[in-house]
Amino acid sequence: MLGLPKGSLEESTKSLFAKAGWKITTSSRSYKPSINDPELDGRFIRAQEVSRYVEHGFFDCGLTGYDWIQENGSDVVEVCDLVYSRASVLKSRWVLCVPEASDITKPEQLAGKRVATELVGTVKRYFEKKGVSVDVEFSWGATEVKVPDLVDAIVDITETGNSIRANKLRIIDTLLETNTKLIANKASWANPAKRKKIETIALLLRGALEAESKVGLKMNLPRTALDGVVKALPSLRNPTISQLSNVEWVALETIIDENVAREIIPQLKELGAEGIVEYPLNKVVY
Amino acid sequence: MLGLPKGSLEESTKSLFAKAGWKITTSSRSYKPSINDPELDGRFIRAQEVSRYVEHGFFDCGLTGYDWIQENGSDVVEVCDLVYSRASVLKSRWVLCVPEASDITKPEQLAGKRVATELVGTVKRYFEKKGVSVDVEFSWGATEVKVPDLVDAIVDITETGNSIRANKLRIIDTLLETNTKLIANKASWANPAKRKKIETIALLLRGALEAESKVGLKMNLPRTALDGVVKALPSLRNPTISQLSNVEWVALETIIDENVAREIIPQLKELGAEGIVEYPLNKVVY
Amino acid sequence: MLGLPKGSLEESTKSLFAKAGWKITTSSRSYKPSINDPELDGRFIRAQEVSRYVEHGFFDCGLTGYDWIQENGSDVVEVCDLVYSRASVLKSRWVLCVPEASDITKPEQLAGKRVATELVGTVKRYFEKKGVSVDVEFSWGATEVKVPDLVDAIVDITETGNSIRANKLRIIDTLLETNTKLIANKASWANPAKRKKIETIALLLRGALEAESKVGLKMNLPRTALDGVVKALPSLRNPTISQLSNVEWVALETIIDENVAREIIPQLKELGAEGIVEYPLNKVVY
Amino acid sequence: MLGLPKGSLEESTKSLFAKAGWKITTSSRSYKPSINDPELDGRFIRAQEVSRYVEHGFFDCGLTGYDWIQENGSDVVEVCDLVYSRASVLKSRWVLCVPEASDITKPEQLAGKRVATELVGTVKRYFEKKGVSVDVEFSWGATEVKVPDLVDAIVDITETGNSIRANKLRIIDTLLETNTKLIANKASWANPAKRKKIETIALLLRGALEAESKVGLKMNLPRTALDGVVKALPSLRNPTISQLSNVEWVALETIIDENVAREIIPQLKELGAEGIVEYPLNKVVY
Amino acid sequence: MLGLPKGSLEESTKSLFAKAGWKITTSSRSYKPSINDPELDGRFIRAQEVSRYVEHGFFDCGLTGYDWIQENGSDVVEVCDLVYSRASVLKSRWVLCVPEASDITKPEQLAGKRVATELVGTVKRYFEKKGVSVDVEFSWGATEVKVPDLVDAIVDITETGNSIRANKLRIIDTLLETNTKLIANKASWANPAKRKKIETIALLLRGALEAESKVGLKMNLPRTALDGVVKALPSLRNPTISQLSNVEWVALETIIDENVAREIIPQLKELGAEGIVEYPLNKVVY
Amino acid sequence: MLGLPKGSLEESTKSLFAKAGWKITTSSRSYKPSINDPELDGRFIRAQEVSRYVEHGFFDCGLTGYDWIQENGSDVVEVCDLVYSRASVLKSRWVLCVPEASDITKPEQLAGKRVATELVGTVKRYFEKKGVSVDVEFSWGATEVKVPDLVDAIVDITETGNSIRANKLRIIDTLLETNTKLIANKASWANPAKRKKIETIALLLRGALEAESKVGLKMNLPRTALDGVVKALPSLRNPTISQLSNVEWVALETIIDENVAREIIPQLKELGAEGIVEYPLNKVVY
């Protein structure tokens, strides 16, 4: 039984599993998806709750954020990281923010004030460790608009900081970095058959994620240019080189980062490559 | 400053205020609406939090459900009830449910089990009063699908019981009846100018709500039929009767329940009424 | 039990019943609506099939088109006409069409040819009466695009003739005029209690339809202008005239066609009317 | 032939005509609407061009903004103002804006610089009058984002100033105030039959606009309270007072501003009014 | 001329042809698409009617379900099967259903009762063969909600049985299995040029369908591991093995089922494969 | 700084850059996109204005149509053509049109008449060159519906001529052929670093465009069939042929036009090819 995160991660999770080879089909209003693998059964529940039910054992494994594993204090196995978005290499962060115009620059200055957050437990532990007495309120949403009208500070999640700036807030501390993780129930992990299945899921999800930022590249090269190309372009790691019928030419094929492709293709052309072709990938497993 | 409930009640709240005479305009992603009354400023926040910030004094008054006033234990003035929906005269209820197929019929049988709900405080107090030890978990949503997989019972809100039945649940107790209320901060209520404004808001919101289930009805009657009509149809309360130029006829005008109109109009016609006209209303204040 | 037409008439039917005083609520994918009248239960089925199940007795009454009553040859009571749309006073017609460019001008010229239609029975009877042998095919939809590629002629429904012209077709005969009707099962109609309920539904649906093209109009008039107004404007039928406190003025109130209002208001102003007010109506029952 | 503004005013124009008594039906992609009045034919074209074709005589009359009548220098009759929106009583303004952070405070400081606008002719004449030499560029849209990157200043339209502030601009002058007008071709206006029709349109459009911000109000009053009410509430202008059967009570009916209703209803109740009812209006013609 | 199925299969048919190399572009409301192949002209008509017009000869070939070929009794060539959906390997079935709670378990028990279906001819023949006298009614849609209110049993189509269960029905027999087929007119099939074109269409549509459930897989292998891999993984059929420059390694490339990929990739990694890459395919033709 | 065309080309431009390797992310209402390349900054502005701001130097390079470069008379470097759409190989054309039913067949016959167009400068120059005096009006949009009501002729853009025919117009001359171009500011082009970056953009955009109409094709062939295949199929240009382990077979791989694939695949099969696989491409650089 697999715990899947409902809500903002739902579509990208289904898309990631599809690339990994599992088609997850949901009907509207249902939390029981169908999966085209008789060995797998799944449920969509809120990301905040996945780790709780993995720990209780209803799920053998599940996907959720590190933040909620921490907030819930769940005793689970963290199998692997799955950083979904390729838009940025930054992890998401839970940050303590005050109004831009405020004088406050340190957490200590919030003593006796009110702080709103969705991550109440984590925030309370943070201030307790610092010995600062603060009134931490659970926020049901739209936390970023609550300062300064309703509370003095907030702890909210941000990826790029854009929404922080748009709401005229200033970050004074980072409490937690987080990303999606595949987690497993401890007993399920100790069961060899279940563990093997969980590891297969991990391998293929990572292979699908890897492929999102990678492309295949192939070209023909004069044999004489081969050394120059390989030396000049260290990012062409482990190229597969095969002899063409015409003995003066070789075919070179490799996998590279999509971002690198736009720099390397002009160079390859200058170095004598012909018929350069870039093609998309489904999965990359080293 | 007025606290308005964001989310499922947002559109109907704006529509109710429009009928009452205040146009509330929101831009997307903003929680600060503009209101066409220089004396009124408002904020949209989650219904769950309105009573907290009315009690703290940021809002002078606000609209929220009785359930969340109770859950938050907020010390506020309850100015008036505003039962929004005319579809039903039932109030919403928070009910304790178990699977249809379960043997459990009384709360006491849940001792030692897990119950999920959004109303954690209220549910904990309910079981404490009964002396039953239960593990109450906060549910982030979709509570109704959690039994029997994730928990043993739930406490959820329902208006008609349809979603309860659709999820194959059975109600074993009702914890709370609830409806929307206009509430006020205690200090604001003690301030005569603020109280007058809050009372005006209450009067007009109730007048607008009243008008939703009422229609105006007018007709011409032969003077001789008047007594028969008034006797036969007690629901035509306090009709306004005015003399027409033709002395043998009178005009009768009144306000009735829309549901009554469909029964009374055929009777009126039989009793001799002519030119029966039904028209819509914006507000009704007795 | 009431049969309601699913599909293109569904929304306007619900809206008409709402104006008549019954709120019909449907959930998606359900054919069992809820109606806020304990005496009424309803089902939404295709308009083509309503008369069949009224005749069989599953429905006591229902709404459907005259065309499908005829096509099915259903033995039912036709209670009243309900011409829904106020956009046009034309009834819909089933017309026999050939390509604009065709030489055919009379049904007899179609002997030995193929005709497509949704109304197979009616069209077969039409050609049999004329003694013309034609191959009539059932069309599953989009009948208007089938000539001349797939068949030689079609019989299709049209309100304004726009779609006929847009598809470059020419009408050569009209087989049937049709509009929505309220029909009743014969046994139900013979039952006094059921008949009374069906008549009430008929009265109020007609009252609501009537109100869609009518408006209320009221104004104040100098007593001296009254005769001139009433003479000059015969469409102000049966005005209600009441004495105002100021004895030189009377209040005149009446119900008129919305289309007439735009012509009569300028005239009223010229004749001395003041404070002319037009207001919307829910129902009009003469 | 009537010229109607396509684009942002299209829906509100159709809705205004509907309230005035004319149903304008457009099919997608067509600029020829159908109107339920055999005397009226219309075309939807861009508001910027309406006055040009009214002047040329293709249209007898049309609706467009004062700004574009001026920009085109069209020689037409301005029949009446039609301020559409009731949300605000401000007219729209074309304003000269510079970046908030700029040192420029007077138009004269823009000598030698570039200004972007949709209203090129008007802006050129404005700077010529001031004797300031400026490079005025036609802007194809999104003018407000062009400063400071692409040009030094802009002239753009604004109703509330919100978009100006949101783009961090500062207004340094207002060139023009504008609102929608009904305009007529000079020859059509000189033709009595056409002028009469245009005046009817003007009367009813204004009646419909007037009704948008008005409501009908009626109530019963003890005869003894009547004077007090009329004195205390001067905004109850020209009430219609009629005697009820019960000689100690009168019925009072009047038309008031919707915004006034929310203030006056509580006062009326205090003064002894009963059965206060507010109802919506379609048209108000004094 | 090619007959294409309008309605539920329309989008997937266009998508399948696009993968096969033909871009079919439809404008809304048109049944004549444009196809980027001067040798092909097509029409979209209801799937129910395609076989009729292939038989008549208007279409040379067309796509439709086996069910409607049978229902229409069309005399056509069945060129090939095209099972569109890869979600399931089940064909769709037309099944005879009664209410879950009914006592009926065999078709014979329906003697004298009413059965609704869209497939009237097929159902009548089915009961005639069994010698059971049943009243078979044409159903215009929503057949699954008609039992038990309107009829005693239905014959409806289902892929997974989900809608059957959701409507609380029980299957008592299967009348027909069906899937999409490419069919041809007999005369067109006898014409060598037309037959060649139809066979090309068949080849490429099947190649595109095949590719939907297949992926390309390539990897590098130590020469020593090659035999082990090929023996252990028989599903790696006909791999293309090529020598790399480094003589101890070979490149292995093959096409496999997407569903197999998720099982085989972990095994390949264990057996020593490196740089395993999976990539998407447009067409696969063996 | 890169100028990007807002509006109808916006989505396809973003999609083209994505294929070329740059992810352009826009938030709604913003004209400043973010691009995942620290060396590139961009702005979205109307295509009509791009060349103006490339010439002024705000942009180093930009994408816009040849038509607007001409209309603006911008002095810029035309780096390369980018014909976006693969649906047609026709370039778009600006054509002079009159009503189908008009007698006019030559531009000279328009002397003294009115012509509407968005491309006022170009059209004026066209008629001046011919010595024909015409009143050229700027059209704010929907130019094609303006004849014959509002003007006598129009100059409008068309790709396939469909909208011309749909509006019952006839083309009497072509003024200009146009397609999207990458253009550069003269000073930026003279700067070696900037020029290198612009050339890289050009190379990759063209590689991405090329790949849209190409596919990769690979198959295994008996060595004996190789010559036949290469001779029979000249469109298989520059195939990469590699030896398989089985010495009697070779692998053949090449890039071909997608339109050619549907013809060549059946031929390849006949000639003995096995395991024919077609796969999609991201970029093709010869």
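Annotations for the structure displayed:
Chains here go by letter, A, B, C, D, E and F, matching the order in which they are written, and residues are numbered from 1 within each.
Everything below uses one rule, namely that a residue touches a chain if its C-beta (ideal position, glycine included) is under 8 Å from a C-beta of that chain, and two chains touch if they have at least 3 such contacts.
The UniProt protein names, listed by chain, are A, B, C, D, E, F = ATP phosphoribosyltransferase.
Keep in mind it's a predicted model, so treat the numbers as computed, not measured.
Centroid distances built from C-alpha atoms place E farthest away from subunit D. Between subunit B and subunit E, the centres computed from C-alpha atoms are 52 Å apart.
Rounded to whole angstrom units, the spacing between the C-alpha centres of subunit A and subunit E is 37. Here the CA centre of subunit A is 43 Å from the CA centre of subunit B.
Each of the following residues of subunit E touches two or more other chains: 242-243, 279-280.
The chain pairs satisfying the stated touch condition come to A-B, A-E, A-F, B-C, B-D, C-D, C-E, D-F, E-F.
Looking at the complex, you find that subunit C touches subunit B at residues 20-23, 25, 36-37, 199-200, 203-204, 207, 211, 216, 238, 240-243, 250, 255, 279-286. Per the touch definition, subunit F reaches subunit E in the complex via residues 87, 215, 220, 242-245, 251, 258-259, 261-263, 265-266, 269, 274-280.
Within the complex formed with subunit D, the residues of subunit F that make contact are 6, 31, 43, 45-46, 48-49, 52-53, 56, 58, 137, 139-142, 145-146, 149-150.
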